[in-house]
Every structure is written in C-alpha cells, then in structure tokens.
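Same chain, two partners: chain A is paired with chain B first, then with chain C.
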Partner chain A sequence: MTTKQPSSDSAVKHRHRPEGPQRHIVVFVFSVVLTLIAFAAVAAGGVNATFAIILLLVMAVLQVFLQMGFWMHLKDKGHMLPIIFMLGGFFIAGTCIVMALYWVWWD
Partner chain B sequence: MAHAAQSLQPSQPLQPGHSAKRHTGLMDWITTVDHKKIAILYLWAGGLFFGIGGLEAILIRIQLIKPMNTFLDAQTFNELITMHGTTMIFLGVMPVIFALMNAVIPLQIGARDVAFPFLNSLGFWTFLFGGLLLNLSWVMGGAPDAGWTAYTPLSSTGYSPSHGVDFYTIGLQIAGLGTLIGGINFLATIITMRAPGMSFMRMPMFAWATFITSAIILFAFPAVTVGLVLLTFDRILDANFFNVAGGGNPVLWQHIFWIFGHPEVYILILPAFGIISEVIPTFSRKRLFGYSSMVFATILIAFLGFMVWAHHMFTTGLGPVANALFSVSTMLIAVPTGIKIFNWLFTMWGGQVRFTTPNLFAAGFIPTFTMGGVTGVMLASAPADFQFHDTYFVVAHFHYVIVGGLVLGLFAGLHYWWPKMFGRMLSESLGKWTFWTFIIGFHLTFFVQHFLGLMGMQRRVFTYLPNQQFDTLNLVSTVGAFLMGVGMIIFLVNVFLTSRRPADAPEDPWEDGRTLEWTIPSPPPEYNFKQTPLVRGLDAFWKEKMAGHKAMTPAEPIGPIHMPSATILPFLMSVGIFIAGLGFMFSRDEFSSSIMSFLFNNYIVTALGLLITFGSMLMRSLFDDHGWHIEPEELEGR
Partner chain C sequence: MTTAHAEAADGTLPHEPEKATLEGRNKVLAFWLFLGGEAVLFGTLFATFLALRNQTNEGPSAAELFHLPLVAAATFLLLVSSLTSVFAIQAMHRGNVAQLRNWLVVTVLLGLAFLILEIYEFSVYIRHEEFGMTTSAFSSAFYTLVGFHGAHVAFGILWISVLIGQLAHKGLTVVTAPKIYVSAMYWHFIDVVWVFIFTVVYLLGKVG
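== the complex of A and B ==
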C-alpha cells in the first residue's frame, strides 16, 4: 500500500480488535478432532467404503468453513467482498467443472 | 541488485531532497513502479505487438485478394492467422487496455498509485517476456499454426510436431501470469484505495468496468492456465490428457479453452464500455443516463459471460438440450448489452454534444458494436449456427465486436486521455482523419465478410477457387484492410508530431472533465494528488464545478507522501521465467552440439532460469523495502 489513508487505518484497527486466544484454541482443537475422525475412519478398517468417503467429504467441508471463518476472518465484519468473490468463484468453477465433466465423460 | 533505497527506514528523519535513488534513462523505465510510467510501457509494448498483428492481417488479406493466389503458401498462411489472432488478443489489445487502466484508474479513484506497485511492474514484464517468447517462434523454427484456439488434436504432437505450439503454450502461460497479476492488483486497488467519500456507487463507470473486468480475469485466467499446462504436458512430457489413444479426450480442450475464452471476450469489451461511458457524458455535458443500470448491466454481463461457453461448440455434438440451454443463455446477454446501448443514446439525447475526436470514436462505436451484437444473437441460435460455423460470417461477427467495439473504444480512450498521459493534446484534425479512414476501412473489410460467409466461404482457408462469387467481395475486403492500415499510420503520424510539440496541456484540457483525473496537472506529478480529494458525489469534479468551486476539497492536510522504491527485481523475475520457459521447451530436443544437449536435456537451462526468478523472490522477501517519502516542503516548492 502506498497511500496513507488515516480514516481507513483506524477503521481497520477497530475491526480487528483483539478477541483473545480462547476461541482460536477451541477452533484449533475442533480442527484437530475433525482430522482425527477422518484419519480414524480410514485407518480403523472395516468401515464401509462409501460411508468413509461421505464422512471424509463432510469433514472436509466443515474444515473449510472453520478455516475460512475463523483463521481467514470471514466471520468478522467488513469481509463481504471476499465472501462474494469466493462464492462467485465457487459457483462459476463448480458449474464449469460439472458441465464439462458431464459432457466429456458421461454424456 | 540491492538498492540504496532499501536501507531507508520510515522512521528515519528525512531531509528535503530525499535520499531515494533515482534512476535515469533506460534504467528508469526498467525499474519503475510508477503506474503512470508502467501505463506508458504497456502502451508502447502493446502498440508494438498491435503493429505486428496488423502487418500479419495485411499479409493475410493480400493472399486472399484474388482466387488461387500464390503470395503465401498454406503453412505460412496458417502461421499468420494463428499469430494474428493470438497476438492481437493477448499481446495487442489487452496491454493497451492495461495501459489505459494503469494511466487512469488510480487518478479516477483519487489514489496515489495502485495497491501493489511492485506487482504492477512484475505484471508488465511477464507480459512482455511472454509476448517476446511467442514472437521468437518466427525466427526459431516456425510459428504456431493450429489457430488461435489451438484445438486438439491439431495442436498435439501428432499433427503439430514442430515447436510452434510450444511457443504458444509457454508464451501465453508467461503472458497470462502478467494479466492475472494485473487483474488482482486492480481488484485490490479499487476495493481499498478509493478516496474518502467515493462509495462504490460513486465510482466512475470506467473504474466499475475495470473492477468487473479484473474479477473476470481472476475467474477466467486460471482455466486457461490449467489448459495450457495440460497441453504442455501432452506435448513435451508425453501425457495423454487430450490423446484419445491414451484415454484422453480432445473435446476437453475445447471446454477448458472456451470456459476461459468466452469470458475473455468480455474482458476485452467491458473496458471499452467503460471508456465509452466516460467519453459520451463528457462531450454531451450530461451525467451518464441510468448510471446504476449501467453498473448492474456490467455485473450481469460478467456473470452471464461464464455461462455461455458451449455456444462455441454447438457442432461438437453436445445434444439438443445443451444446445438449447446455451442458445438461450447467450441470447440473454443481449439484454444487459442493449440496456447499455440505449443508456449511451439517452445520454447523448438532449445533451450539448461536441464531436471531438474521442466522441467521434465513441459515436462510431455505438452502431458498429450493435451490428456485431446482432450477428452475435444470430450465431446464438444453434440451428442457424450449424450453417454459420467456421465461415467468414463468424469472422465478420467477432471483428465487428472486437475491432468495431474494442478498438474504436481504445482509440476513443487514447485520444481522450492522451493529454493526461503525456501532457500534449493529439491533433484534432489528424484524429478525425484517423477516425474516418479507419471506420470506413473497417466496414469495407468486414461488412462484406458477412456475405462471404453466408455464401459458404470457410474461415482459415488459404485460398479459394474462382467463379464462386467470392472474388469481388474479397477484393473489397482487402482494399478496406489497407484503408484501416492508412488510418493507423495517420494515428502514428499524429503521435509523432504531437510528441514534438511542447507539453502544455492544461489540467482539464477538454474543459468539461467530470472525474478526478482532470483535477490534477497533465501529466500528473509522481504522487498524483498533493492532498487526497474529498468526493461528494458521482462525477466528483463536475459536482464541484456546478457548486462554483474551482478545485476539489482536500480530505487531508498536506503531509509527507510515502512512495514505493524503484526496483529491478520484477524485470529479473520475468527474465528468469523467460529463460526457464525456453529451456523447458527444448528439453527433449536432440542437438548437434554436445554442450547444448547437456544444458537443455538435463534441464540445466530451466533450472538456471528458475534460479534467477526464485533468487529474485528471495531477495524481495529477505530485504525489506520501506520506500521513501516526499516531504511537504518539496510539495510546496513546486
């Protein structure tokens, strides 16, 4: 950043008021637990393969939400534009991948 | 490599006559991170490639001037059409778009530079070295010859065994890196660096167009990046992504290419829409009609632009349901585009219209682009497309939207902002000559191609038989192409003559400027705004003028201005990527000299290039560069 913008600087400071480590520790533990569940489902053996895949996907999606929301600060105020851009990107990429794969391999 | 400026700490008290190292001459251009200088670099480099692409077009038209012509052979013709399309789109018009964005966007939003000046420089140099790599193919064993779309399997090693297509994949990969960097930079700039008071809905339309264009770049370029990587792997490392014999699928390339390629045409046209939306209100002395509908039309076009790629592939056998869906989504784009056309007309209606050169180009843009849009809707109809596909009707259509739309828009923008970029007004009379020769030449060249296509002349054929009623129309088309060339030459003469006149353009040379760039000197000082202006409405400068003020209200007291340091690292990074690309391309070749074989076949050249690039990145990471300050005394002393 090259320009000094005092007004927006102070706004940023207000937005990122330190909120203490507790919540981040909880989220970190939760992330580790999610990872352990995913590992256990595969490592334990005997788990139905289809069930394991679905479980892994669910764990992955939860993990993404935790990472984005807490570590990337998307849950905080003032992050509407990144959220819009990410959702837009997911939507466009998802549409393109699904359609192209459908035509190339199954149609 | 390390700079004197790097040792500068912001806390260090600075004497007037700052200690930042100043480069001069060539070194200044190579190391600059100033958006205004990078804009000029983009303009010259883009202009050079535009000239090369234009010469290629002239050669193509000479070959097609009469039936069974032997001016060029088929191979050269294929190379020329491939390079004409690729050069014009990626290396000609996109850099000129970036030139105008760089020159104007920070000024329009009241900022002192872009968000990431270092990246801005890196984006330019990667583009330039990518473009140079692609054009090196002419002297290094033959240019790419598989069309600008490089459809597989034609572009696979089976049908294109020479290195031509490798130059295409690796050159575009490197140039595309620059575009992606530029797009991200403008997104960050527009989101974070607007002047106080400039909400999103007070942004000038060109800033909006740049914002949306950058978003499309962000989403579309990764697709072509992936596609080019896959094609490179197929060609150099014997992968099988598009190879049927190895279980691959050639149609996959078409999907990937057009998932990028269709948004790409909106990357090209939206900035032109933005330019026209600046020029027409200025020379109509009226605010833009339907500003908010313009904004939403732009967003809608960008969104729909991603949902229509398969209309390039109607004839590949997607099936009637898919063809119908993509027909409808394609026709939908005509709605927001139509909104824009009518808004421009309503802006002119009742205004005090002055036909200066920029406004002539803008006024010429509207009907010309509309004609291209109408043939677009015709092509969107899948059953009709089975007739039009791969004929000159398609060639006429996309030249109407790209040349009749984008290039006229760029000419409007260049004439409009030239005094702001260079401090000199271009000659109005020569500008009008440029307009009339160019637009008459344009319609002569491409209007007749609609009929050539409908009569069955296929695109990409290097010659045709006599007595199929193609002869006269092709002659007319070639004459038109020469007239367009004359228009370009008049423009170059205009630029040359103008450069020899004193730089005496006032701050607001068109006298009816509406936006912030017209509140500062032409050309602006390196810090742009001595004090960041306070924006009190759409068309901020016009609003102050109407309130009887001569200048903007400042939003801050005069203080030291923080400036980024000049650096050669972006240049070195790009040189490294260029060397690595060349090394990788020839890594499987057999050389007559054993030293060459050793260097290339063991990836030593590639490693050397990457070493330069990553070494420069390491330098950038290890040595903090805090930039330097311009002190208030110095600002006042001017």
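== the complex of A and C ==
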C-alpha cells in the first residue's frame, strides 16, 4: 500500500492542502491567556480560596482540552479509539485521586 | 527553500506519511493506548501528592517554598516547545525536511532549558531550603511527582535528538515519519501533564 486513496466521504476536497499554522497559534495564545489568568489569580493574593481552587482547575481543564483537541488532533475525525483510551486513563486517574482524598479527609 | 531530500522511493511522500502504512497507523494508535496508561500513572502520583501535600513534618510548606516567577518561566518554555513541535509536524506534512529538523532542534533546546531550570529549582530547595527527598511526606510526594515529569522531559529530549540523527541519515520516509509523529504526541502529553502540575502542585500550593 503506497498511497492512500481518497476516502468516500470528503472526496472532493480531499487533496488536503496542508493546514496552516494560524489555528495552532490561536490555541497557543489561548493557552498563554489561561495560564496568565491562573498565575495572576494566585499572585494577586487575597482571592477567596474556594473560588481560586475552582478557577485554577477550570483554567487547567480548558487548556488541556484545547491542546489535546487541536495539537494532538483528538477533535479530528477517526479518533474514537484514542478518545476512549484517554478517557479511560483519565477515569482511572480520577478514581485514584478521589480515593486518596476521601481516605485522607474522612478518616 | 528547495524541495525535501530525495530519499523517498519516487521522490514524493503521501501528505500524511505517518499514516501511509498500516504499521504507521498501528504505531499511532498503540501510542494513544500508551498515553492512556501514562495518564493512569501520573494520576496515581497526583493522588499521592494530594493526599500528602500538607504533611510537612516541620519542614518547609508549599507556600513557603515555591517561587512563582520561576514556575511561570518553566511553564512558558514547555508551552512554546509544544507549539514548536506542532510546527515540526506541519513542516513534515509539507515534506520540508530542513524545516522539520530545525523545529525539532528548537523543541529539544526548549526542553533542555526547562530541564535545566528544574534542576536549578531542585538544587536550591536541597541546598538552601533543607527540603530533600526524605524531609517530609510532602517533599517525597513532590519530588516523586515533579521529578517523574522531569524524567519524562529528559527522555523526550533524548528520543527526539536520536530521531533528528535518524532523519539526517535516512531522510523522511514512511518509516521515519511515524516515529517523529509519535514523539510529537509524547511531547504534547508532557506539556499537558505540566499544566496539571503547575496548577495542582505550585498554584494550589500557594493558595493553601
């Protein structure tokens, strides 16, 4: 198998033009902004601790979604299995974290 | 800029050379399974860290120890290196071997700068803050989690450096392209883990 045949679904525009760097630079800028918001909230001090924790976690999750979606192409077609692998990994990781916190906080 | 090396059989590569062969596609898919496993591994280390982060055993606490400008610099280095590895893959998709190599070199250099900063940070903690591996449960959990991530960065630097050498010898082919693509996935994943580390370890450590 040397060349890949155009798939039936987007045969017309399948002669992919290589995608440009623009959208990746946009993701980069968003990542920088999310990072800056997180650092600024902590550096400024005086922010309510509960609010800060929620804000920081939301900023982190948003950034991870952006980077995994665009830079690792998980948003593209044909990534069902990779998404299942990663969600499975995150699910078990999350279970471990909940377990550890429950163990420590409610002993 | 002239066209790429004439290493490939008929001079042209498919647009996505990493997915042109069954072996290449299998490598990419299997690497996702590996990354799922890596997520579990880091998840257990995060769980340990979160459970033990306040057990300072009269040693320094997170709020006393961490210096945010240093962490911000490290974060920025790794974030930019993740972007440059995107550029490397885009150059690969254009078949431009020279640009591909240059972006990989930039990625490695940024990773190296991150690693040097981390080694400096750890050395300050150990020499000036009396914060060693055995100081407290917090310190052990901290060095294990952050050090494990640093070890991943070190491995990525070695791996991509070897691939740069291989690219020079063998050129860009349907055999070398999947290796480069997969190493870029690994590098992005390292940056994703760092997002959680700077959030959970450093920033939440400062919040308390």
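Throughout what follows, the second predicted complex is superposed on the first by the 80 of 107 C-alpha atoms of A that agree within 3 Å, B and C clash if a C-alpha of one lies under 4 Å from a C-alpha of the other, contacts with A are read in each partner's own complex, and residues count from 1 in each chain.
By definition in this document, a residue touches a chain if its C-beta (ideal position, glycine included) is under 8 Å from a C-beta of that chain, and two chains touch if they have at least 3 such contacts.
Computed from a predicted structure; not experimentally measured.
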item: Which of chain B and chain C A:Ala40 touches, first, second, both or neither; value: neither
item: Touched partner set for A:Val26, first chain B, second chain C, both or neither; value: neither
item: Partner chain(s) touched by A:Phe85 [first = chain B, second = chain C, both, neither]; value: both
item: Superposition-derived comparison: chain B or chain C, residues of chain A touched; value: C
item: First, second, both or neither for A:Met99, with chain B first and chain C second; value: both
item: Partner chain(s) touched by A:Ala60 [first = chain B, second = chain C, both, neither]; value: second
item: Touching both chain C and chain B, counted on chain A across the two superposed complexes; value: 1-4, 81, 85, 88-89, 92-93, 96, 99-100, 103-104
item: In the complex, chain A residues that touch chain B; value: 1-8, 81, 85, 88-89, 92-93, 95-96, 99-100, 103-105, 107
item: Residues on chain C engaged by chain A in the complex (per definition of touch); value: 9, 14-16, 19-22, 29, 32-33, 35-40, 42-44, 46-48, 50-51, 68, 72, 75-76, 79-80, 82-83, 86-87, 90, 93-94, 185, 188-189, 191-192, 195-196, 198-200, 203-204, 206-208
item: Residue numbers on chain B that touch chain A, as the complex places them; value: 111-113, 115, 117, 191-193, 196, 215, 218-219, 223, 249, 251-252, 255-256, 259, 303, 306-307, 309-310, 318-319, 322, 532, 556, 559, 561-564, 627
item: Parts of chain A lying in touch with chain C, wherever the complex brings them together; value: 1-4, 16, 18-19, 21, 24-25, 28, 31-32, 35, 38-39, 42-43, 47, 49, 52-53, 56-57, 59-60, 63-64, 67-68, 71-72, 81-82, 85-86, 88-90, 92-94, 96-97, 99-101, 103-104
